[in-house]
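Dropping the structure in here first, questions after.
For clarity, chains are labelled A, B, C and D in written order, and residue numbers in each chain start from 1.
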Amino acid sequence: MQELINRAKELLENGTVARVLGWKAGDLPYNPEPAYFESAESLKDFVYNGFCGANLSKYMIEASKLEGKTLVCLKPCDTYSFNQLIKEHRVDREKAYIIGVGCKGKLDIEKIRNQGVKGIESIQGAEITDAADELKIQTIYGEKTVAYADAMLERCHVCKGKEHKIFDEEIGESKETKDGERFDEVSRIEKMSPAEKFAFFQKELSKCIRCNACRNVCPACSCRKCVFDSNKFDSSQKANVDSFEEKMFHIIRAFHVAGRCTDCGECSRVCPQGIPLHLFNRKFIKDIDELYGEYQAGDDTDSKAPLTNYTFEDAEPSIVGKRG
Amino acid sequence: MSIEKKEFKPKIVAFCCNWCSYAGADLAGSSRLSYPADVKIIRVPCSCRVNPMFILRAFEKGADGVIMCGCHPGDCHYSTGNYYARRRMTLLFSMLDYIGVENGRTRVEWVSAAEGVKFSDTMNSFVEKIYSLGENVRLGDLRCRS
Amino acid sequence: MGAKKKQAEMIEEISGVNPLKCMKCGKCSATCPSYNEMDIKPHQFVSYVINEDVESLVNSKSLWKCLSCFACVERCPRDVKPGKLIDAARQMVVRKREQNYLTPDEIPELLDPELPQQLLVSAFRRYRR
Amino acid sequence: MQRIGVFVCHCGSNIAATVDVAKVAEMALMEPGVVHAEDYQYMCSEAGQAKIADAIHEKKLSGIVVCSCSPRMHEATFRKAAERAGLNPYMVEIANIREHCSWIHKDMEEATKKAVILMRAAVAKVNLNTPLKPGESRVTKRALIIGGGIAGIQTALDIADAGYEVDIVEKTPSIGGRMSQLDKTFPTLDCSACILTPKMVEASAHEKINIYTYSEVEKVSGFVGDFTVDIRKKARSVDMDKCTGCGVCQEKCPSKKAPSEFNRGLNTRSAIYTPFAQAIPNVPVIDREACIKFKTGKCGICSKVCQAGAIDYEQKDEIITEKYGAIVVATGFDTINLDKYDEYAYSQSKDVITSLELERVMNAAGPTHGHLERLSDGKAPKEMVFIQCVGSRCSDDRGKPYCSKICCMYTAKHAMLIRDKYPDVNVTVFYIDVRTPGKNFDEFYRRAVEQYGVNYIKGQVGKVIPQPNGKLLVQGSDLLDNKQILKEADMVVLATAIEPNPDVRKIATMLTASIDTNNFLTEAHAKLRPVESPTAGIFLSGVCQGPKDIPETVAQAGAAAVKAIGLLAKDKLMTNPCTAHSDELLCNGCSTCENVCPYGAITYEDKEVNDHGIREVRRLAVVNSALCQGCGACTVACPSGAMDLQGFSNRQIIAEVDAICR
């Protein structure tokens, strides 16, 4: 982390960048938050640890409009989002100085809590430099230990890889964290009967409070004004008339980002109700991979997106029924 | 409130492109090829005009089945519209299937202006399917049903 | 429904043929090797079914003169297939008479794997008498 | 709030017999915005249109719903009526209660219910309609004709005579098409070349006509009035300007084994060739597949003997890009492949030929120099059998379901000509039906029977069996005498079904013109618009639209020309105002819409916007409404809903959905 801070200071001082976009400590040990740093002095609050899950690429939409370059710290998975935003002309590559930061998996405080760890006062082992595979957690009930892997976000278990797809320089080591298959959960649901599927999603989606956190954090959901906030489809947000509206919101949200979603997992990370929203996006990604060839949004900045592309031989929609 | 059980009359929305399928429906009409009155057609310029939002809206408002018809791939009046529509609908239908909406409630069929018989056959078989699936309780707005 | 109509419909059901598709081109009669021995000619089978006169068809010589060679089925341009009609008529007779079928164990040694299934079955029907 | 008038048409009894029209009108009054509703016998009549106009004036209507036949039928009629009464024509919507309701339902209650729902949907839509104003686009005063047969030539001549530039694109080395292969023509027995050649010469000499032979249409973009077409001029290997057409190269060419396309492969031609003597242009092409020089690098004789130095082995394909206001398709036909009809022994015997091959045999420039002889042994035939409907009227996949239309007449012609020239030859025609509607057609057929003694037998042939003695045993049946016929023939002629030129599918796709299951191009209306494609600016000439004989083809070619001239005579076209437009405040500038637009109508510009007080320069989608054709692909691609389609807006369609599901 110190190396990162030193380099940021250097770039600020020599005028390469006008500001630094990173994280600062939050009011609790496990909730650092995205922050701008405009002076070398202010960088004393800069943090980068296992809880810095936030994908900063979306912030660059606004930062691109500011005077001068912005130094932005992007984790490997965040760089896909940044590439996708370049492709959609939403960020200005020239306005960004990208430091690809190393990543050894990001942590999910809910997973720690679910292991019975309550009353957390401080956490050791979450620092990026730390090679420990265990977290030592001081709680008001005494010290607890949790295996690092057991506290990781779901997305880190199915990590796309620790390669930065775009960067000006790289700082920090990464560690492979992938120990699961990305589409296993989707496949499991696909195998259910219609009634089971419906029950599963009904249960999950009925928790939705339409707080819009998923939408607001999503780098692909970056419309100036969401269709659910405008009246273009007679669909502006209001009190739900019926239980279907949540489903409609989430289906349409996933559809709007289909072929553009990099599977960064931020939607599920920020959902206060713990809805596994990534299961929608990943279903589309799985279908696209299977039907139209493997496609990873954000892999590059110039390929044709699956939904703005076609071949004469594309599968017919009836394939949905035939696949069983 | 009456508790007597009403005979199931499905609501079925058919989106038809202006150039092929709507004309195919016209041909079915002028050839007097009947299909159930449950089908109501909405004219759109091209199958690529059909927004998934429209289909979900229909289900939200109580449709029991939604079918989209367009020109055969390769014959789109606008060259490529139905290719995009095909991908969009494939993904949407797959998603609906994934969340537990019976797959038979959605369908895409390519019907040319010369295929009045196919239009009528398609509608007959789709309506039959919807009758066999019954009322769309999963997605309908239950409270608004009379 | 009259008995005659019922019979005609049964022929259509058994054969799977829609006799109304016939355009009376006569290719079936042109192609038939047993033509000269038949009293009702292949292209006429269709009219008998349409006119619901299955009785005459059933009592005709043609019924048992058809070799089931299926040339008419192969060449009919309208998918009408008189050979199937005549076979259906035969089946109706056979069903009525409840006579001496082959027993299942007699069949295997008579089988030639090259023969089309339908031809085989209809040939059995014919030679069963 | 709109003030909507609903007009329910009885269409005589077409609608009123199944739909309670008065009830539909009564129910309409309960819909939001509806201030007037009435039903009438024939809304499309003058009196009906007057009722609409009166209501517009009296009730100050702002929108109209006509419950009637398909909008494809009378939408334009009612829009014009509204416009005359001072209402914007795009404030009119049609509820299709005839084709989509009364004609397909029998139960009155059910049909009326459905008609009411269709009316509601239309009312819901009109409530959201806004007045639209068509734009204008220019018309390029030049026509393209695809295909240089009699249809294409006639259309080109008619358009050119009206004073417009015309380009003909012909795939083969010469114009002339199928007609140039015919010997005589029915029902007057003129020599085909004698009546066709002057037309070919006239076309090539016409100052307004430009002919691209040995060329193909490669790419078409644009729209009515303003098409851009890429034409591939295939390398001829002969310089058209230098060649004098002396023919020495063809004489000296050592490679003479290539099958002659013109003579249907019945004889051969040289590698450098003009397809036939009267070819236009009279400039040969080198068939690079057959040419020794191209195959081995050695030879070059043609180049040595050419006095004009016209041979150019280095010539390359050339792409010509040209703009056109109208395109006429005249791609013609070919005979079907007979592989699936082996019962007629076409592949087994040289003496079983198609009628088109017989044309070549009968022709003085053909493989037998006009002598009727067997192609196997050159002997004069004594017994000839003609078989009708080979592959026509066939409901399985071996042939075509339609009647090829021309066979009955040309068979009578062939029979008559043979009996006339070779009275000792017996001619038998096996037919299913003889179809001779047309001026002097039945008289012609009767002459063949009565005057020339052609033996017509009702009954299809079942099989043709080549005999060891070289004869052909024809097994047929006489359905009228109820007997089977076995006839030994010397030659058998098959009236082979015709099908649209196989290239037409590719061309139709380029033109976005619709095509039916038999590959015939679809007309805009089967009765009322038979020479227009549903795609504006595309016209149909000749057999590409359906089987036709020469008189019909020429008549249709003229009709297509008139339609094209009607278009070219306009300086400006009103464009469809139902185009896409982007809401600047919602546009993300993401380019997704641009990627799906088939017309390149969407571009991105940096524009300053005022978003609720925030002034900034944004990258925004801009639709060129002259290019936009209104498909709506962009509207669904756009995630923010910034892109919408006028006349079919998101809210309008959703209103229809809501009305139907209510």
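In the analysis below, a contact is a pair of C-beta atoms (placed from the backbone, for glycine too) under 8 Å apart; a residue touches a chain by one contact, two chains touch by 3 or more.
Note that this is a predicted model, so its numbers are computed, not measured.
S.K.: Looking at every pair of chains, which has the largest contact count?
M.R.: Chains B-D share more contact pairs than any other pair.
S.K.: Please tell me the distance, in whole Å, between the geometric centres of chain B and chain D computed from their C-alpha atoms.
M.R.: 30
S.K.: Cα centroid separation between chain A and chain B, in whole Å?
M.R.: Distance between chain centres: 36 Å.
S.K.: Report, in whole Å, the distance between the mean C-alpha point of chain A and the mean C-alpha point of chain C.
M.R.: Using C-alpha averages as centres, the distance is 71 Å.
S.K.: As a quick test, compute the distance in whole Å between the mean CA positions of chain C and chain D.
M.R.: 44
S.K.: Going through chain A residue by residue, note those that touch at least 2 other chains and give them in order.
M.R.: Residue numbers touching two or more other chains: 227, 233, 307-308.
S.K.: Which positions in chain D are in touch with at least two other chains?
M.R.: 596, 637, 650, 654, in rising order.
S.K.: Note the residues in chain C that touch 2 or more other chains, in rising order.
M.R.: None at all.
S.K.: Building nodes from the protein chains and edges from chain pairs that touch, which of line, ring, star, complete or other describes the result?
M.R.: Its topology fits none of the listed shapes; call it other.
S.K.: How do the chains pair up in terms of touching? List each pair.
M.R.: Per the contact definition above, the touching pairs are A-B, A-D, B-D, C-D.
S.K.: For a test of understanding, state which residues of chain A touch chain D in their complex under the given definition.
M.R.: Per the stated touch rule, the residues are 65, 88-90, 222-227, 230-234, 256-257, 304-305, 307-308.
S.K.: For the complex, which residues does chain D have touching chain A?
M.R.: Touch list, chain D to chain A: 583, 585-592, 595-596, 604, 611, 616, 619, 637, 639-642, 644, 650-651, 654-655.
S.K.: Given the complex with chain B, which residues does chain D contribute to the contact?
M.R.: 70-73, 96, 98-101, 103-107, 110-111, 113-114, 117-118, 121, 508-509, 512, 514-517, 522, 534-535, 578, 596, 598, 629-633, 635-637, 645, 648, 650, 653-654, 656-658, 660-662
S.K.: Which residues of chain C touch chain D in the complex?
M.R.: Residue list for chain C touching chain D: 21, 23-32, 35-36, 41, 43, 71, 75, 77-79.
S.K.: Which stretch or stretches of chain B touch chain D in the complex?
M.R.: 11, 13, 18-20, 22-23, 25-26, 28-30, 32-35, 37, 40-46, 48-54, 57-58, 61-63, 71, 74-81, 84, 88, 112-115, 120
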